[in-house]
């Protein structure tokens, strides 16, 4: 691919240098081949940029302007305000999502009452149980289990060993990573004469379109109503979503986030790593919760909070600074006491 | 099912209204059909109750007494002290645990030396290895792996991809959710000239009767002795139990609980979400440990603790309140200092 | 095995007692049979030692010297400075890692273009996809998925349902426990007009020799460069390693450790349970991070740290002690104020 051909992918960029330079791949600064393209977005990466063998760069105007003329002459540049975004667009262009190779492997098991679209790709040791519906272009990798009457929307990809309980509804273009579990029983019991009586979980788990679920994450089905994950929400590895939760659109949840049952989460919410929530909480739209926080009370929309209980980020930081200052505070208290006596 | 027929399920309830009203299902207040039955237990749900289309309700006497006569006339009520418990009993009655459909699917693999009861249901792509024993009424969903010489007690259900290492013993009526792993090696190494030498894990993992294990949870086998989970204990998704732990009966462990090796936990213990324990700890009977706590010392029986290290709940809350008060404390200290000078 | 035959396994030990005593197994003090061998390393286990039925013991010189002559006469002793290390060596001798039983089960699926060594053992319902390479002596248990062009080094063991994405490289003598996922997509998105645009993850995951990965742990592939786990590193159950991380040799990571993307970890690093790291952090060689810490800034080599942010262990402990003292500090402040007025 010649440099000038890339302009169609990031039309905002200005191409400086040999328009016919042939780019053969993408790379990271430290290991890229001379004919791979890299990006540089911040000045702290300038040393890596200078040492890199790569000759083609996506670069911000500020960094480009700061370069010596000699380097400007030696390399090829796409100058744009958002180098990383342009780089991602390029990688998406070069490595599009794989299309299904239609067919059911003879070592897959598809129940006769299941409805599998002719364009779906079902690998060896995948299982589609009775009444399940598999949409056009779906890929089921080895070991995937689609339970009775579950539905998988078109062009979704289920990696090895993803497990979908009966009745679960998966939208279009979902990416479900290996080992994730969707629609397992919620965790609910009441004390009984003989021990703990299980509360049957007869609701469903519903994932809307364009959801991505990380490896070994678990999303429980609802008790009576459903558990719902909104369109475009992205969930990292080893995340747990409890029964009856309603998660909005375009949320991001990082690894080890635990959302307890009956929690309502708005749109565009970010939960950083290891955040836990108490049950029945509400987290408003556009809110960000810092890592390792414990959401023990509702969080309003448009807020940045952290800690346990969650506090506005500024207050949290002020408080943490004071805690670090405790040894000094204690000394000053002792000094006052001594002066007293 | 007519309203009067339900009385046999919750004999403590008093039926008010049309005894012949036909109930066709259960529901949540906001989405239930008119002929579904719902419950209301707390006043804060009164608005949802009023707006609901559902006509049949399980209700507490306090809330029932507070209603206008008009509503009392319009709907059918089961008045009882514990509406939720009655509701759960009803759901259990309507949705009993599924019974096995006896048979081994031709795409399952059962080693000739395994002993599978004639009433067990073995799905496609399940594996039962040599010497394993599968009890009456057991259901093994697709992708389940039962290792050599493992035993599964009668009427247990293993959902898709549950993995049982060799020699593991699972009791009766266990529910093992998708992707859980029972009997994996404990985590133990000693430094060696060449790096870290693995300590072989030759004990077993033993789950007694009526245990439930959540999706993708992991329970390690013992080193020399065994790891044991007591009768009736319920474990949520993504929980880890280390080697040689002894967990008592009717315990509840929420998501992301991590119990380090050689920990002893009594009966009726509750570990809330994200609690971690140091190795070799003891937690007494009937104790509750609050979310995100770090159990770095033994916890006596009959206590409620929280924090890291765990403190009695009241002390913990007092301390947290003081921490929140630090900005004020600091100001008051500065004021004293200024007055001094 | 006679007692005198064991000396070859721990040549440093001194044998006291009947050299011809026949040892038939190993055990824990409380449950061992008389002809099983146990160890005792600390005085606090002396009561268990006295009550034990076991007659053969590995023991430290200090404890041995403290025993009454009567007990010295009744039992057989291997006296050595490191009883536990000797015990582990013995267990390794008695229970060596299982060797593969060569062969591909007829219910396994191996793509014709895969290269499986003749000595590998491939169980029912394991899958080896196109272009993958399985080394000598490898064992793939049921439900293992080896994706396209992945390589598994010789004598590695993959337990039930371990999942290896395309292109992943696993070294020699790896032990990958049930349900772990290696090479899943890293978690990266950029905001887009329509929501969140996925950043394709086209790097690899590379595990060097002698790595052990716990059950249901997840290791993401790199974005452009690779995710790398160094030789001899041991990872517990339910651990998450993000994309592009470089982990050194002989590290230990306990359950629920979450290493965010682009983190660099040196050699011989210990991360205790539930430690989380921010992305792009550096943790130096030989460093230990205490349980539940949040690594929000770089940690230098050869340090012991704890807390969030991580602090030197001594400072952390001093600070925690002061926090516990807050009620007293507050009282003393109030007293000063009262005396003032």
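Chains here go by letter, A, B and C, matching the order in which they are written, and residues are numbered from 1 within each.
We adopt the following convention: a contact is a pair of C-beta atoms (placed from the backbone, for glycine too) under 8 Å apart; a residue touches a chain by one contact, two chains touch by 3 or more.
Computed from a predicted structure; not experimentally measured.
S.K.: Do the two copies chain B and chain C share over half of their interface residue numbers, or under half; same or different?
M.R.: Mostly different residues form this interface, as fewer than half of the numbers used are common to both chains.
S.K.: So if I superpose chain A on chain B by CA, what angle comes out, to the nearest 5°?
M.R.: So the angle, rounded to a multiple of 5, is 120 degrees.
S.K.: Between chain B and chain C, what distance separates the C-alpha centroids? Give it in angstrom.
M.R.: Going by mean C-alpha positions, chain B sits 27 Å from chain C.
S.K.: Please set out, as single numbers or ranges, the residues of chain C touching at least two other chains.
M.R.: Touching at least two other chains: 107, 125, 143, 161, 179, 216, 238, 256, 274, 323, 329, 333, 336.
S.K.: In the complex, go through chain B and note every residue touching chain A.
M.R.: 26-28, 30-31, 84-85, 88-89, 91-92, 95, 105, 107, 123-125, 141-143, 159-161, 175, 177-179, 210, 212, 214-216, 231-232, 234, 236-238, 249-250, 252, 254-256, 273-274, 291-292, 323-324, 326-327, 329-330, 333, 336-337, 340
S.K.: Enumerate the contact residues on chain A facing chain B in the complex.
M.R.: 107, 109, 125, 127, 129, 143, 145, 147, 161, 163, 165, 179, 181, 184-185, 187, 189-190, 194-200, 202, 216, 218, 220, 224-225, 238, 240, 242, 256, 258, 260, 274, 276, 278, 294, 296, 308, 318-319, 322-323, 325, 329, 332-333, 336, 339
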